[in-house]
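Down below is the structure, laid out as structure tokens.
Chain nomenclature is as follows: A, B and C, assigned in order of appearance, with residue numbering initiated at 1 for each chain independently.
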């Protein structure tokens, strides 16, 4: 019922509007296990937030919570201005989650998968084709059943589905997994374009070097809690370690 | 569940009084004790009236005494399933989505299944003595059997796990589906039997001409079993409350352990 | 809602078109049960008499397999999660999946009907053809609605393979009873000792009414309940 040590107020990125994600002392359980143990996090519109941390730290649960898939047991959470305790369904349609599973139908072709997920979100044929092209899936691959693709190709297809769905909040769980060098470049490009179109992105990744280049801010997740780090922690262009 | 439960008072962020209540694990109150004693007295009465004071039936002899258990258990089972349906609706349609309604629904269904099993057993024993067979495809019997199976399924769904609210919502939906299923089953079986009246076992009909003492014994049985039902529901739903509390208290311990992982990580 | 339903139904039928799993596995299974019933019942005159009941029993068993399949497709790669996150209208998902399930059931029933006529020497009275078609339509709708509803409830749960029959079989009993009686009237197979030597076709129509109520009630219940169920899957 009570929070542990209060987490310091999140970074002061240029923000005027309400935060896209606002979690306060959130507890979420998987069965009896508290995957999130009082996590607090605020993400502003247009940010690309990198979640790092060891396996089992709670990154996946954090993303699934933001997608409205995992109920919160304690604490408060708002996503896109909707209270997750009362309004879990309201955020849907605006959130895109790429989880460990890709959500593809193995028997349908790449194009059919992207078309189905695009159409359920009301995307036009043009947008669906654009998504396929953007990930280099418009050629021979388009007609291959998703079940016969390699892991990286499936990942790409899932990304294309995500683009076709035009979400406002992107939740990417280990998006680099299984992707080759080309695929990673494509992924970076996809994220940049999404942010350019006004989306906010949360990425959980172990590919730190790769993801740090993209991220506007980095936080560490450990023990079901979120620990803030300065954006320059990575030793990037703006200064050294504190 | 958790084997490494430290002294609950030492856990920061734990509601200490809730935890100490759970160690006592008491489900009774003054009211339920009075109710329990009253139930016990009436059950003794039922035994006396049912077995000793009431006369045997002219045609069925002493087998008629099964009725003093059979009819009340059937009544209680239907009452219990009614309460389950009602509580499911209360849970689902009230804004608060209170888990208390869910626990009443679950407790009532468990007790209903138990009494319905007793109804089926006593009924088939009586059927053997009176009709010569254990079972007849009569509309009421068939509906009863379906009711039993349906709520066994309901209890299975309650045990699926997940959060308390997930359990509550899933089972409340199922509880309401059962309410709309039962009339359909009954209607179809009734229509079936009325269209094809195969002279199998129907007579003697089993209607008993009851004298005053027999009626009174049945009445005692109905009251005794109703009280027993309320007493059981009270205790069972409180036990369920304690189980839920126990899970939540476990959560406090687990939260502390979980947060401690952070320090290991930062040390590493 | 209907747009989503169309998309989902087209997607499910597309999957079946590609995988042919129902065609290659469920249809032979249904045919096999007909043969096994004949073994168990042994006598020709008995199988001919109970053919309508065996037809609907085989359909009911196949229904369970079909429902498992239609939700296995959704849970295999987390598509169900994606449907939930994407906020796809649950009523639309429900109707779409029920529609695809009904389409598969209709094909199955058509083949089973041929099987019953061939194996059990049943024949439909010419005047009963309308009754058979109407009964099959309503019973199929009812089975598809109920199957999708309880399939959604069991989807993703531990032990769903064993849970689904426990939940589903008691509920479909009215369909089994009603559709069997209606078919008996159409086949004229209900022989009988004593007063009722046979049944008239008109005896079947009350059952059609019952099947219609069943389909309507569970269709409405599914549209309302699928959202909350999906939420907590």
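Everything below uses one rule, namely that a residue touches a chain if its C-beta (ideal position, glycine included) is under 8 Å from a C-beta of that chain, and two chains touch if they have at least 3 such contacts.
Remember, it's a predicted structure, so these values are computed and weren't measured experimentally.
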| item | value |
| --- | --- |
| Contact graph of the chains (line, ring, star, complete, other) | complete |
| Identity of the chain that, by mean CA position, is farthest from chain B | A |
| A-B compared against B-C, more contacting pairs | B-C |
| Inter-chain centre distance, chain A versus chain C - centres from mean C-alpha coordinates, in Å | 40 |
| Whole-Å gap separating chain A and chain B, where each centre is the average of the chain's CA atoms | 45 |
| Inter-chain centre distance, chain B versus chain C - centres from mean C-alpha coordinates, in Å | 32 |
| Touching two or more other chains - residues of chain B | 161-162, 165-166 |
| Multi-partner residues of chain C (each touching 2 or more other chains) | 231 |
| Junction residues of chain A, two or more chains touched | none |
| Residues on chain C engaged by chain A in the complex (per definition of touch) | 4, 7, 11, 14-15, 18-19, 73, 76-79, 81-88, 227, 231 |
| Footprint of chain C on chain A - complex, ascending | 67-69, 88-89, 91-97, 99-108, 112, 116-117, 119-121, 145, 161, 165 |
| Interfacial residue positions of chain C with respect to chain B in the complex | 149, 153, 157-158, 163, 166-167, 169-171, 173-174, 177-178, 181, 190, 192, 194, 196, 203, 206-207, 210, 213-214, 217-218, 221, 225, 228-229, 231-232 |
| Chain B partner contacts - residues on chain A that touch it in the complex | 1-4, 27, 29, 31-35, 37-38, 53-54, 57, 71, 73, 222-225, 227 |
| Interfacial residue positions of chain B with respect to chain A in the complex | 1, 12-15, 161-163, 165-166, 247, 250-252, 254-255, 258-266 |
